[in-house]
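In what comes next, chain A is part of two complexes: it sits with chain B in the first one and with chain C in the second one.
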Partner chain A sequence: MPDRVQDELIAMATKLFDEGKVDYFLGYKKGTLKFKTSPLIASHREELQQLWVEDFFAVNLSLYLKEIKGRVGILVKGCDSRSLISLLQEGQIKREDLYIVGLPCPGQIDPRKVADAAACEREELEEISRRGGEILVRVGSQEKTVSKNQTLLDKCLDCQHPKPLIFDYLLPGDYVAPVQQIIRSQDELRQKPGLERWAFWAEQFQRCIRCYACRNVCPACICPRCIVEENMPQWVSPLPTAGDNFVFHLMRLMHIAGTCVSCGECERVCPMEIPLMKLNDKMADDLRELFDFVAGVDLNKPLPFRTYRQEDPNDFIK
Partner chain B sequence: MYRKITRENLKKWLTGLKAQAEVLAPAKVNGLWTYTEFNSQELLRGFQNTRLPPKGLFLESLRALFGWKSQGGSLQLNPLSSLDGQRVIFGLRPCDARALRTLQPVFAGDYPDVFFLQNLSRTLLLGLACQVQCEGSFCSEMGIDPQDSADFDIFFREFPEGYIARIITDKGNILAGESAFEEASAEEWKLARGQIRGRREKPLFDLERVQVNVLEYFPDENFWRRISAKCINCGICTYVCPTCHCFDLCDLQMPGQGVRFRCWDSCAFPNFTKMAVHNPREEKWRRYRQRVSHKFNFFHQNFQTIACVGCGRCVVYCPVNLDLREVLLEVSR
Partner chain C sequence: METKPGIEGKEKGWEPRVLAFLCRWCSYAGADLTGSSRISYPPNVRILRIPCSGRADPLFILKALRSGMDGILVSGCHPGDCHYTAGNYNARRKFALLSRLLEYVGIDPRRVQFSWVSASEGDKFAKVVRGVVADVQALGPNGLFRFLDPDEKVKEPANSHQ
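Entry: the complex of A and B
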């Protein structure tokens, strides 16, 4: 991405500190590994020089609003801005405490997919850069060109909101309008009979090591005490058995229905590479079809799971 | 003592061992490198190290310890049968083998842990020299030679015609006594030491200074607050760590019977030290400080070795790029 975006971001954030508008600024700094960025939680003006803009933004920064108290400037892409809307809807954050700097997003590159497209191991990738609509990859002394659609994170391929939906200041930059009306809802798994889907997830959850990274990295997981850690009574055992893992993941999914904005962080961080977004996407589709609701898009639309109607056609809740 | 074997014969040899033992070797399962039953798979193409460390084969993430039954007021304990099937693991890396040796005294202390110790004694460890410095790793800084190790029964180096084996233990000697192996010289062994691709010229930090300084940093709350600010309190760093060994106990109860299980636990979890009236590590900076201080100092006080082997897994898989190497570098200054 062009340096001028980065310069403008640093200037903007510095101004916020100078004018006393924020106590913290949340952005990214250069990571210590190839193709990684690291969250920057700046509390001093001097730290802002580390702000960094590139193609491998990981961590949905709205995550940190749970614990940072004070006025916060925050950098958001389209999907992250949807998390802010969800958090505002849930009363978790106050709009007046935030200064939102929006970054139009050209889609984030997934090094794992680049490696697949370039037919090499991820570790062998040396450089990834954009050239027009294509991605240039250097593996050893060789250069290869692969198409952008082969390398973007799956979630970015059908992103409907690459431009932040809520912001106080919008940085310049190209963003990609939705590439095509895709794919994720046409996931092959969904066409399969129930027993096969059950077998698929049983195998996936069998591998879960219960590190809870999916939950902890999720901006929508807002409970200060999670039910899986309660032991009086113990609803879910801490043992990583297939059954308890199943309960953990499905329960988490239900709890974030309507506030999960498909930012993809849970799937990105999973050390066992469990394809959690398949579940999130199914949930998002169901919400759209059954409740006419898309998470994190409209601040004024009530959350389906926080709404009670006397005339609800189902009587289980009455 | 050294021996050599061709690639083809190594496969045949490992296949032959399956008659006497469970043979595990690295393979990709669901896209992740893991030690799994050896099935003459194309060995090791692109293999650097497994996603999860081999500690799980010794300290399982889920292990039944004993069962019980109660009938008419009497309680009957059912100890589980001992683990005695022989195992061979091929392709282990020097960092992970050192980690197993590091864990040994923990589980062999005043209260011997039969499960870990039986798992260790029933397993032959066949090591393999590294050719690439893994991303995020700092094994050399931790005093580990990625191309040599005495922590195995047999340690292999690749060379153009196959593998040269350094026979380390008597068990290893018996295992490699078969005709598939030929005699090799010390000279051949030396020549097979290859270059490590991507190896750093200079160490990142001085380990001795880390060990000393970490105690000095211990009371510095601001330091640990700053370092741990972006930590999200997940268990990845501890679960992918080959030396982290904290566990939890949990009963599965059914009417009239039950089983006590052991599972991994993590000092990164807020509940880890939660007690009836107090949690001494409520805040995450205290937890992160504990993890670093334990590995690089407290463990040494107890067992005269440092509880980190520099494999780099925690560095690579941390969701927020909280890089232990950066922390150690700061501590060592």
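Entry: the complex of A and C
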């Protein structure tokens, strides 16, 4: 991404501090590993020099808002802006405490996928850059070109909102139409008979080690105290048995229904590589079909479980 | 390990256990009327009174499935009749989503059923319970988690009448 975006971002954020508009600025800084970025929570204007604009942003920064008290400037991509809308709908954050800097997103690159596409180890990657619609990779002295489809994060492939939906200031930059239309309802698992679906999910739930990474990284998981940590009464045993994992995952899904914006963080951080997005996508489809609701798009629409209509689906009830 | 969900192979003398969450303003009174009208219905159902069908947190249903209940019934007031104005409308939205998600992970929707039964519908309550018990009888025991945790025994509730 061009340096001028980065310069503009730093100038912008510095101005916010100078004018006393924000107490903190949330952005990204260069990570300790190559092709990784870390979140930056800047509380002084000097720290803003670390702000970094790259193609490898994965973390959804809105996650940190629930822990920061005060006025916050935040850098958001299209998908992150949907999380902000969800949090605003939930009443978790106040719009007047936020200064939102939008970043038009050309799709984020997954270095793991680049390494696979270039048929090398991740450590061997020297440089990754964009050229038009393709990605240029340098491995040792060789240069390879790989297509965007092969290298973007899964969630970016059919991104509907590369441009932030809510912002106070929009940085210059390109954003692209989805490179690929994935029709999620054609997920082959949905076509299979019930017993096979259970066999699949039972195996997935059995693998879960209950590290709670999915919960901790989820911007929609807002309870100060999670139900799985309650022990009076104990609803879910902390032991990672498949049965309790099933209760945990389905429960979490019901809790984030309507505020989950399919940002894909839960699946990305899962150490056991459980395909949690299959559940989230199914839930998003169901909410659209049942209640005509798409999470994090329209700030003025009430959350699906905060409202009802008399003509809601009733045919499944005897 | 066996890779088939153990919902086949009925054990000898097995009878389904169905947990019914009944709204105290209508379905619970409806169940009462069933009894006082001398209408018989299968004794497989264990009734749990809740203040409103809106109180039936999806967590209760998941926990009941996890604890080995063979079937679950949630019953409340007809739309428009809620004592708290909108409890059943809110509940209906949650149930609509939950039943679809349960079906997606492969739990037969007949295991978790919903109904509207008013305080004057004693005969309907008996009919609903007969339907649920027949469905669960056909499905067999809830072996969902026995297959996953082979060592785990499904505990009989302490006051289970045998």
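Throughout what follows, the second predicted complex is superposed on the first by the 294 of 318 C-alpha atoms of A that agree within 3 Å, B and C clash if a C-alpha of one lies under 4 Å from a C-alpha of the other, contacts with A are read in each partner's own complex, and residues count from 1 in each chain.
Heads up, the rule we're going with is that a contact is a pair of C-beta atoms (placed from the backbone, for glycine too) under 8 Å apart; a residue touches a chain by one contact, two chains touch by 3 or more.
Being a predicted model, the structure only gives us computed values, none of them experimental.
In the superposition on chain A, contact is made by A:V59 with chain B only, not with chain C.
Residue contacts after overlaying the shared chain place A:T241 against chain B and chain C alike. Of the two partner chains, chain C is the only one that A:M254 touches; chain B does not reach it.
Within the superposed three-chain model, A:M12 lies out of touch with both chain B and chain C [touch as defined at top].
When the two complexes are overlaid on their common chain A, residue A:V101 makes contact with neither chain B nor chain C. Look at A:R197: by the touch rule set out above, it reaches chain C but stays clear of chain B. In the superposition on chain A, A:F291 contacts chain C only, with no contact to chain B.
In the superposition on chain A, the residues of chain A touched by chain B in one structure and by chain C in the other are 241. Interface of chain A with chain C (complex): residues 190, 194-202, 205-206, 227, 235-236, 241-244, 246-247, 250-251, 253-254, 257, 279, 282-283, 286-287, 290-291, 304-305, 308-310, 312-314, 316-318. On the chain C side of its complex with chain A, the touching residues are 3-5, 58-59, 62-63, 66, 79-80, 86, 89-90, 92-109, 113-116, 128, 131, 144-145, 147-149, 152.
Interface residues of chain B facing chain A in the complex, by the touch rule stated above, are 30-32, 46, 48, 51-52, 61-62, 132, 134-136, 229-230, 232-236, 239-240, 248, 250, 252, 261, 263-266, 269, 271, 315-317, 319-323, 325-326.
Across the interface of their complex, chain B is touched by residues 31-34, 36-39, 41, 58-59, 63-64, 121, 123, 207, 209-213, 215-217, 229, 237-241, 265, 268-269, 271-273 of chain A.
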